[in-house]
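Labels run A, B and C following the written order; every chain starts at residue 1.
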Amino acid sequence: MAYTLSEIVARLGGELRGDDCLVERLAPLEDAKTGEISFLASAKFRRQLETTAASALIMSPKLAEETGYGGPLILTDDPYLYFARVATLFHPAPPARPGIHASAVVGEGCRIDASSEIGANVSIGRDVTIGQRCRILPGVVIGDGVVIGDEVTLHPNVTVYHGCLIGSRVGIHSGTVIGADGFGLAWARDHWFKIPQTGRVVIEDDVEIGANTTVDRGAMADTIIRRGAKIDNLVQIAHNVQIGEHTAIAGCVGIAGSTKIGAYCTVGGAAMFVGHIEVTDRTHIGGGTLVSKSIKKPDNYASSYPLSTMKEWLPNAVHLRHLDDLVKRVKELEREIKNLKDSKEPNND
Amino acid sequence: MAYTLSEIVARLGGELRGDDCLVERLAPLEDAKTGEISFLASAKFRRQLETTAASALIMSPKLAEETGYGGPLILTDDPYLYFARVATLFHPAPPARPGIHASAVVGEGCRIDASSEIGANVSIGRDVTIGQRCRILPGVVIGDGVVIGDEVTLHPNVTVYHGCLIGSRVGIHSGTVIGADGFGLAWARDHWFKIPQTGRVVIEDDVEIGANTTVDRGAMADTIIRRGAKIDNLVQIAHNVQIGEHTAIAGCVGIAGSTKIGAYCTVGGAAMFVGHIEVTDRTHIGGGTLVSKSIKKPDNYASSYPLSTMKEWLPNAVHLRHLDDLVKRVKELEREIKNLKDSKEPNND
Amino acid sequence: MAYTLSEIVARLGGELRGDDCLVERLAPLEDAKTGEISFLASAKFRRQLETTAASALIMSPKLAEETGYGGPLILTDDPYLYFARVATLFHPAPPARPGIHASAVVGEGCRIDASSEIGANVSIGRDVTIGQRCRILPGVVIGDGVVIGDEVTLHPNVTVYHGCLIGSRVGIHSGTVIGADGFGLAWARDHWFKIPQTGRVVIEDDVEIGANTTVDRGAMADTIIRRGAKIDNLVQIAHNVQIGEHTAIAGCVGIAGSTKIGAYCTVGGAAMFVGHIEVTDRTHIGGGTLVSKSIKKPDNYASSYPLSTMKEWLPNAVHLRHLDDLVKRVKELEREIKNLKDSKEPNND
């Protein structure tokens, strides 16, 4: 697959400057060779312009002017996004290979569109609905009554429990489990009594979920991942959680039961949310943060202990456990200073 | 499925107050409609009594009196537990569908009770024993010599390695891996030498384990999950760990090798335990806590940095790295104040 | 399987002291019975020598002299490593059972060495290469074009995406996902635009990876796990990360995109690395540490809040959020003390 710059501009917009040429691949600026197209998104990396062998670059008009770069260019206001779109041109999502593999097992009452692909060793329960052009890849297990929209990809070894709802253009990566029981327990004098988890997981359109993530079904109501949300690997989403539209959640995050995260939020890796709280729209949570209460004001939040050498860390950590004493000692000092000053002042009388 | 309140009381105990009626479903108090039963466990939510359309409620005698609620009631001392039991009445665990699916592969020498279900694309090794009424769901892989009790459910795509022991009434959710090798390494001058992991995982009766959790086999002795323990999703349990009876462990927790956690403990999400420590019975660990040493006294423990805006966090975190200096400065101030006071006192001589 | 001490010494080196004898199993010192061999690696456990029933022990010449132990011994400078090697003698890795199981599905154009084992319900894509004596266990899914070296074990339900490269003598435990898409997103005015992830995962020789770990494919360049690295369970390795040779990473660790970790490092459980940083060779990161910036000096690093009872924690955590104020108050006290001292000094003039 190869495109001329003018073909790319015809499809994706932007402005061609300099000679048209053929590009065959994408590459990062520092590695790019002849026949490859790359991008410059920040003046910080402008030095790489001197050495790159890229045949063409994507740049903003402003950077193009500042750097005075003379080679073939596509000008656009957002070079990073444009590059992503070019990447999609060169690497379109693989199409479904229609049909049900001989080794797949499909239960009674299923409605699977003929344009969809059901891979090797897939197991599908009863009364499952699968829309058009879906790719259900090897080893996937889908429970009874699941409903899946169009153009959904379930990567190998994904599990979707009974009754869950998946919208259109959803991608779920390998090993991810949708709809396992939430962690619902009632203490019964001398043991835990398991509370039946009777809600579903509802995943709206255009959601993408990474690998080995878990999204538990609701206890009674549903767990909901709203339109356009993006969730990375090894994320735990407990029962009755709601994730807002277009919120992005990085890897290793945990969200405890019934917590609601708003729309357009970003959550850094390994952040943890306690249960039954609400986080407002457009909130940004730093990596490793423990979100221990509701957040009503959109802002950037953090809560991590700063990186230290073990030698620095040891004495500081010890004092941290006595911070309350330290504050009392400072209070006492303030009182004593005041006394000393007061006792001096009578001299002025 | 529908029950009258008197049928429910006949099965589960409690006291019926007001008119008997038929209920068909359970619902949270705020959403409940006609035909649904709900519960009130705390006076905090009593306002919802004014608007709920629930046909019947479960409440303690005390709350029933305080709120003066006039509708049909089941009185019980623990409404939350009672509600959980009603939920089990309406949503009994699905029974096994006896038989071995044509696509399942079963090795030589297995003893599988005829009442158990072996699902599609299941792989079972040699000399495996499976008791009565078990559900081994699609995509499960069971290694050689595994022994499984009665009424066990292994959800889709669970893996159990060779030689592990699983008791009765155990539930293990999708993607969970039981008995992979522990992380046992000996440094051999210029590389790591892998130590064979020859112990097993032993899971006692009535244990439930969530999705995508990992329980490693012991190095020589066994890794043990004791009776009635409940473990959530994405939990890592390393080799030779022991989890006590009826201990509940929330999602994203990690427990390093040879650590022993006592009975009746609760562990909040994302807590981490270093290896080779012991945590006594009835200890409660807050979410995100790093348990860095043995705990001998049952209490509530925590160790997380408090949530802050990034703007608040930055200067505090910087000072935290210099807490030892700050303590020295306070000590110096105390010394100086004492000097100042002492130098004043001679006046009194 | 049983060996005399002299047979063991003949194979593994070391020096036999005392009577030769037959040993049939390995055991920890405190549990060892007749017919078992154990080891003493530290004087700390020397008391166990008085009660152990082990038929033979592995010990350093120094400890043997100090303890004056009189039973059959193998002397070696590193008893722990020697014991590990004896364990490998008693528990050799199970050999491949050559052949492709009837239920396995293998795509066109694959080259699978006849000495390798392809288990039940395995799915292999097109143009896959698998070397000699590999064990591809039940439920594994391998994508198109994957290349795998010799003596590789993929445990049940592992997924390897298309185009990834796996060296020789690599072990990957169940549920682990190699080569899922990295979390690459470009913001497109009102939604996230997915960036095609076109790199691979390259896993070099002698790497071992635990269960339910995720290693994402690179965005354009590759994600690389170098020779001899050892990675535990539930670890997240994001796109374009590089892990150096012989680096060991414990469970629940997360490493964000493009971060490079050097050779011979050790990383404690649940440590988290932000993206786009470099950690130099021979660095040691404590459990639960958030590595928020590049590390240029090899040392031991930590960053965790110390364990506290909830009662201790509460006031300290509150003050921690006002540490900046506290530092200002101390500064003010220092100023006032100085003033008081200065105001006294004129007396001396």
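In this text, contacts are C-beta pairs under 8 Å (C-beta built on N, C-alpha and C of every residue); 3 or more make two chains touch, one makes a residue touch a chain.
Because the structure is predicted, anything quoted here is derived from the model rather than measured.
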{"item": "Graph class of chain-chain contacts, one of line, ring, star, complete, other", "value": "complete"}
{"item": "Interface sides of chain A and chain B: same vs different residues, half threshold", "value": "different"}
{"item": "Rotation angle superposing chain A onto its copy chain C by C-alpha atoms, nearest 5 degrees", "value": "120"}
{"item": "Chain centre separation (chain A, chain B; CA means) in Å", "value": "25"}
{"item": "Where chain A touches two or more other chains, by residue", "value": "103, 121, 139, 157, 175, 212, 234, 252, 270, 304-306, 308, 320, 323, 326, 330, 333, 337, 340"}
{"item": "For the chain A and chain B complex, residues of the former touching the latter", "value": "103, 105, 121, 123, 139, 141, 143, 157, 159, 161, 175-177, 180-181, 183-188, 190-196, 198, 212-214, 216, 220-221, 234, 236, 238, 252, 254, 256, 270, 272, 274, 286, 289-293, 299-306, 308, 312, 315-316, 319-320, 323, 326, 329-330, 333, 336-337, 340, 343"}
{"item": "Chain A contact footprint on chain B (complex, rising order)", "value": "26-28, 31, 78, 80-81, 83-85, 87-88, 90-91, 101, 103, 119-121, 137-139, 155-157, 171, 173-175, 206, 208, 210-212, 228, 230, 232-234, 246, 248, 250-252, 268-270, 287-288, 304-311, 313, 317-318, 320-324, 326-327, 330, 333-334, 337, 340-341, 344"}
